[in-house]
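What follows is a set of structures for review.
Paired with chain B in one complex and with chain C in the other, chain A is shared by the two complexes that follow.
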Partner chain A sequence: MNPRAEPVGLAARVLRTAPPLLLLAVMAALPLFQLGPNSLKLLFLTCVWIAASVGWNILGGFAGQVSFGFAVFFGLGAYTTAVGINQGISPYLTYPLAAAIAALASLLIGLPTFRLRGPYFAIATIGVSEAVRVVMTNIDFTGGSSGYRITEHGPFRQAEHYYTALALAALAVGISILVRHSRFGLGLRAIRDDQDAAADSGVNPYAFKLAAHAIAAAFTGAAGGVLARYAAFIDPEGVFGFQRSVGILLMPVIGGVNTIWGPVIGGGVYGLIEEELVAKFPQFHLLLYGVLVMLIILFEPGGVVGLFARARRFVLRRRVASWQPS
Partner chain B sequence: MTATDFLNLLIAALLLAGTYAAMAVGMTVIYGVMKIVNLAHAGFLMLGAYYVYELHERLGIFPLLGVLLAFPAFFAAGVLVHWVLGRGVPVSDTPTLASLLLMFGLWLVLQNVGYLIWGTDDRSILTPMTFATIRFGEITIPKIGLVVFLSAIVSLAALEFVLHKTWFGRSIRALIQNRYSCRIVGIPVERTARLTFGLGVAFAGTAGGLLALLYPFSPDFGRPFLLRSFVIIVLGGLESFSGVFAGALILALVETFGILFVPSSYQPAISFSLLVLALIVLPDGVAGFVAKMRSRGAA
Partner chain C sequence: MAALLTVEHLTKYFSGLAALDGVSFEIREGEIVGLIGPNGAGKTTLFSIIAGSQPPTSGRITFEGRNFTRVKPFRAVHAGIARTHQIPKPFHSLTVRENVEVGLRFGRGRAAADSAKESMEILELVGIPSLASMPAVALSVGDLKRLELARTLAARPRLLLCDEVCAGLTESEMQSILGLLRRIQSLGTTIIYVEHNLRAILSTCHHVIVLNFGKKLAEGPPEKMQNDPAVIEAYIGKKTEV
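This part shows the complex of A and B:
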């Protein structure tokens, strides 16, 4: 049952579903064009970031609960997959495990912090990521701060990694669309707009936020796992670091929070430029991100998607203005 | 643990609590008046540290005087930032997503400007006082800790005076209570908000300077203290000034005595655990908890 009134009819439906499927088809066909390993790596990273970004948006966008600590889930997912593979478990079984552990962690964080309204959750997330990073650097079992190596037997097939990441990103977008158009998504939106009104209409804000947090964490955790297998080496600073959290938060903000395609666009942009930026401006890139976040919030809180919408309105208005009745 | 050890730790905790209170109070005023969680607090703490450092290194200004000079400079900076951000930092009833992200962006900018200017190395401000101690028999008090504590207390006393004896202070307290009534009685809400933001940033800068006398610092100096500030104001009930003192004292005691039970490498996890505990046990802060107990006793 779709609670939202939308244009119906076959043509409208085709128009709505065709572009995303076309995009997916193009993305799936890309490795066939004999891309270099560097381009394929960029595409792989882009897909990983899209999955994490879409995940963040389910909580931060749909439910309006900003988290500065998604590196926790990313890192937990990465370490779960890493340990799993080294234990001889098939990588494809470790991804659901990574997602599950991340979701479990999200419950642990959400149970105390979602009980209260206000800024508690957002600030607590800064502390969580710091605390988890500290614990991980001190755990001997995974090598502590010196990192953890993943040894996988068999040849390295880059295309396989890419398709895994693409499948995850596609799944994330699919779930994001489902959530958006479900009663659950409607409840999240109600919480975002007015928690009291939502609670009065029978939405349980506590349970809804926890569920959104868990879904978001699951995708971020799986993304961490997929990246860990590709990288074959992870360390606490890299996967749990504050920069990771900043990156995951930044993507949806660039693209447009609380939209379906904003986080995808943001993840795409971030994935394509991040490596280059970090390599060229090791310190400067976070400064750029900070300026970007401030400019976006001050001038176009809708991000890239908001900018498109504004441009469309502008064009439409000019068209209306230039239309003279004869 | 002997009685002297205990006393020494207790003194250390009390000295730390004063500095912590000065550090967190800037966050409380801004949150109380505008319901903005000033994440950039961390950035201003860090800049305060480098401000005092640079004055000391380049102009030879005594660090304590530098801390005093930090107050007007950061007040002006805060007012300027508030003016530049304009409608991005409104006076609102609940913290908004936009203001949270905006202050986060500002923090990233400040932190990384810090990296650009000063690099990643740790710096520290050394004075003849740094390693000096005052001895009372077995009990030793670090001189620098005492001086920093006294400065923090003086600044907090000045704040109390301003809050209770001036019209600006009264408008701040009124705004914390009810912004609509403030408009009715003619309090210039926007102007008070701007000055409050300046005041909060000024306290951040000053406290950063004071902390720099105690600890080495790098451009990431503010982050652990941001979390500590937040723990303190959550313990204090977010908007109450007396709560800040209680929160600062609790955090300082837990951190100082925590050394006995928790390995030092896990130190950063302490403040977070305390935060979670506070959220579960004392959702209204210590002041709210006391009030609840009192009303229960009366009933």
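This part shows the complex of A and C:
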């Protein structure tokens, strides 16, 4: 067996890049099929969640730093866009601003918390996230706990919202792929496996974690901004709440952490069922997620992607077993 | 030849216990220096401090004329100090080749454009090219030791700190690793080599430093150290009248 044998050449490259591009084309074409406003809303939410989920995975998956505090970035992004639009700034200018403010916040949060490791880091992010929620609940400028309304003049065009979210999700996946295959991504994976050994091999773990945190926060912040403009009303409990943090973490876990497509699948599943679950089981739906997470961790820590990989290995083994030399 | 590394009065306390107590020595460029001593003598602690994994309590380390006393581990690697761990610390979820690529792409200077090809060459050097696409978690202890050495070599060190790379290996595996160390040294890398196996030390090192209870006991050419009464006493004990 040649250890260097990897799929190379034009055919393999086309095979690898075609399915994602096809998916993007289908997603882009969907509004042409006269979907109802409800279906389009679900698709819009799915794209928003994919962007946040893919962002979280860059820190939580690639670098292995599990954060329970991404509601901070989602909420900051949402409020940045909300305030920006009300100040008369073009929505499309508020998204980069939302991303930048979320990234800046991620640095402030990361500087002290990345001194901690593993579960201690995770617990610290819960604390920071709750503190930010309480502060936002008490800031009068944005209406405190009673929420903040976005007033935008002009007609409401649902397709425009959808395409914005789709573009953001596609950008997030693109950056995620770039990171994964870069020197930076290799350093993150080394940190995930063994931070001390990574430092002994020349990786600067602190700087790399801060950078991954910032990229992840930027996408989560932009996703918050895109959702805020659509919702036209946001409140601290909704965008800064602990449920939001758990939701963002849940998607990559469902789909498969530390993979490119796991967070996309997870975001898709979550986006499509979340609304329905909340409507059907207003009190009960968090319990369902809890059970789901336990089942995933117990039986398939690789999530949906891990399940696929396992099925593929099973099929390949069957094929090898039934193979007869001629 | 000029001193590549100078260690002066290095002391490290672990809550009252002196793991290192005023150790001083110089390493000249191009040598293989053996570092020996009984268990708990402070050999691995010394390595950790030189590589920046732990700060010393006091003392001074100079590398190429620059102060490296409390250097961060990744900066030590960038400057050319790289270590292996006594118990290998591979990146489990990465393949063997990716493990080496971490060393290549984050080590001293700029990696070659084709890091995949270069990592294969290093794997051939340590004798595990056939394992390149295996995940590191699947490797045996002997192969993990080779991988540890490969990843460290990939960082293109000027000073290589080898911590018991031969422990637990068979005689023939040990001979091939020792041959490899001599080859690395002949290519211009200075090596400090911690080892319990005295035969390995005698056959490989130009110079030997003996540690005992955190203090430098003796220093000199290997043949002389072998017959030094203080060294024999530290290893075997003193002869007493019954």
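As a convention for this text, the second predicted complex is superposed on the first by the 316 of 326 C-alpha atoms of A that agree within 3 Å, B and C clash if a C-alpha of one lies under 4 Å from a C-alpha of the other, contacts with A are read in each partner's own complex, and residues count from 1 in each chain.
Operating definition for what follows: a residue touches a chain if its C-beta (ideal position, glycine included) is under 8 Å from a C-beta of that chain, and two chains touch if they have at least 3 such contacts.
Note that the structure is a prediction, hence the values are computed from the model and not measured.
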item: First (chain B), second (chain C), both or neither touched by A:Leu307; value: neither
item: Contacts of A:Ala100 with chain B and chain C, given as first, second, both or neither; value: neither
item: Chain B versus chain C as contact partner of A:Ile175, first or second or both or neither; value: neither
item: Partner chain in contact with A:Leu116 - chain B first, chain C second, else both or neither; value: first
item: Touched partner set for A:Val128, first chain B, second chain C, both or neither; value: first
item: More chain A residues in contact [chain B versus chain C]; value: B
item: Chain B versus chain C as contact partner of A:Ile273, first or second or both or neither; value: neither
item: Which of chain B and chain C A:Val66 touches, first, second, both or neither; value: first
item: Partner chain(s) touched by A:Ala231 [first = chain B, second = chain C, both, neither]; value: neither
item: Common interface residues of chain A - those touching chain B in one complex and chain C in the other; value: none
item: List of chain B residues in touch with chain A within their complex; value: 31, 37, 39, 85-86, 88, 94-95, 97-98, 100-102, 104-109, 111-113, 115-116, 120, 223-224, 226-227, 230-231, 234, 238, 263, 265-266, 268-269, 271-273, 275-276, 279-280, 283
item: For the chain C and chain A complex, residues of the former touching the latter; value: 51, 53, 72-74, 77-78, 82-83, 85, 89-94, 97-98, 101-103, 105-108, 116, 120, 129-133, 151-152, 155
item: Sites on chain A touched by chain B in the complex; value: 64, 66, 68, 112-113, 115-120, 122-124, 126-128, 130-131, 134-135, 137-138, 242, 246, 249, 253, 257, 283-284, 286-287, 289-294, 297-298, 301
item: Chain A residues touching chain C - in the complex, by the definition given at the top; value: 3-4, 183, 186-187, 189-190, 192-194, 196-205, 258
